[in-house]
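In order of appearance the chains are A, B, C and D, and numbering begins at 1 in each one.
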């Protein structure tokens, strides 16, 4: 394995850790808003690191471009959905968790 | 199988296990928003899994499927927020 | 047993699950879901068995039929959902009028 | 080994999701699980080298069908006002245990029979792949699936377009609701504006890619339909001058062109939908463009037909 392969593997593993963190947060956090926070970490950072890891190994710049495009589309969808759900939840009277 | 391929498939298996674990939130709720959120996470997980498969098997067209998922990721959540969000939380109307 | 038969049997399992649900559930929406699963099961078995052609390219005929099938299934689902909704608006119920289980 | 673990996990997830969808008490939960099922199904198609199907599944299963089901559940809840038998109630009412046992045994027997039939098939079977390879050069396209869909078995696609149109006509006939636009939420407007342009570009991309790679009229049409669904969800409606003849013409374009080509080939060649190899490529592209617009418009209109209306017509 070359140095680039190691870099890619590290990024991919870090991405997987964020997916795990997102799932754990989704399972363990106390209310809608905190779970939403955990979810967006998996969306943004988990997929971001996965895309970065794959981009390092990519065979051409076109592939890198497609990977980044996919990431940005997921970011856009994730951000909009998180906003819509959070605002809807507030509007519907789901109260944020207080420790 | 070369080592990179094994790594990618292992990570794909790991992501699938994550998805299975996330099903717990869909099943348990408690609010409809929680269930929808978990389903949203599955979409992202599927995108990541497809990208890993594309790289592992050298099939570039698999990235197009990930692109399709990324483009349509918001549709079911939007349909939920606009139409289906039930009054279980309170009786306010969506409109 | 290789992955081809694994997926083919999964398709058979889906058909079985869906057939059972189609019979025992009175709710029409659930029947529509079951009908969709049955379709998916049939598609999965067809395409898995098409993979037996081996070589670089699987048999394209079953694949083409399944693509047609997916689009027809979504159209049929839309029609079935609409009929269910019109029935619901008329009878205020989501089961068939002659279904005495509800 | 890892591959087999992946396949096994995909299959387990598929069966578990299907089981949960059909058995769980809450219909909203069931629909979400159905959408998740489609996601996993797309992974299964990728593993089976059926990338064209995976594309269609991604666009339809995870996009349009999910939205259709969620819209239908919303309307069902509104019109039944809490009288949903699928919500909460377990399937059986008066049925006695022996009857349920008998049903279970019958279904198990049928499933076991199907499983036996599948397992008794030979390990390898070429199917029609050799015939396809032999005639691919004459088909006018490089993609095997597109060649089958638009050339070798073009009549399938012709009838499929007619089925789609019939479904829409039926929905329109039975539907008693009228649809007007709703005030869109600002974020939703931004989202739909930002996403619809890439969706339309991707439609063109899949249409083009279908000739030699993976994609084609069905996938492109599904993406176009999904774009329409997103626009409809964000409150946009087709301006009224376009809803009459232009929309109908768009929907009829696909099947119409197919029928014309079928008639012309029948007159000139004596057989239905047999293209002269010299023109096959351009004819297929033309048919695919028309089919894409028709499929997209039909799917979006099918979704509109299931949307909650503003007021019920008498």
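The definition used in the following text is that a residue touches a chain if its C-beta (ideal position, glycine included) is under 8 Å from a C-beta of that chain, and two chains touch if they have at least 3 such contacts.
Being a predicted model, the structure only gives us computed values, none of them experimental.
Counted by C-beta pairs in contact, the busier of C-D and B-D is C-D.
Averaged C-alpha coordinates put the centre of subunit A at 11 Å from the centre of subunit B. Centre-to-centre separation between subunit B and subunit C, using Cα means, comes to 22 Å. Residues of subunit A in contact with two or more other chains: 73, 76-77, 80, 84.
The set of subunit D residues touching two or more other chains comprises 3, 47, 64, 73, 188, 191, 195, 198.
In subunit B, the residues that reach two or more other chains under the touch definition are 36, 38, 43, 67, 71, 74, 78, 81.
All chain pairs in contact, by the document's touch criterion: A-B, A-D, B-D, C-D. Subunit A makes touch with subunit D in their complex at residues 73, 76-77, 80, 83-84, 87.
Contact residues on subunit C toward subunit D in their complex (touch as defined above): 3-10, 12-21, 23-30, 33-34, 36-37, 40, 43-45, 47-55, 57-68, 70-72, 74-79, 81-86, 88-89, 92-95, 100-102.
On the subunit D side of its complex with subunit C, the touching residues are 3-4, 7-8, 11, 14-15, 18-19, 21-23, 27, 30-31, 34, 37, 41, 44-45, 47-50, 52-53, 56-57, 60-61, 64-65, 68-69, 72-73, 75-76, 79-81, 83-86, 89, 91-95, 100, 103-104, 107-108, 110-111, 114-115, 118-119, 121-129, 132-133, 144-145, 147-149, 152-153, 156-157, 160, 163-164, 167-168, 170-171, 174-176, 216, 218, 221-222, 295, 298-299, 302-303, 305-306, 312.
On the side of subunit B, the complex with subunit A involves touching residues 3-4, 7-8, 11, 14-15, 18, 21-22, 24-25, 31, 33-34, 36-38, 40-41, 43-45, 47-48, 51-52, 55, 60, 63, 66-67, 70-71, 73-74, 77-78, 81, 85, 89-90, 92.
Here subunit A touches subunit B in the complex through residues 1, 5, 8-9, 12-13, 15-16, 19-20, 22-23, 26-27, 32, 35-36, 39, 42-43, 46-47, 50-51, 54, 57-58, 63, 66-67, 69-71, 73-74, 76-78, 80-81, 84-85, 88-89, 91-94, going by the rule given at the top.
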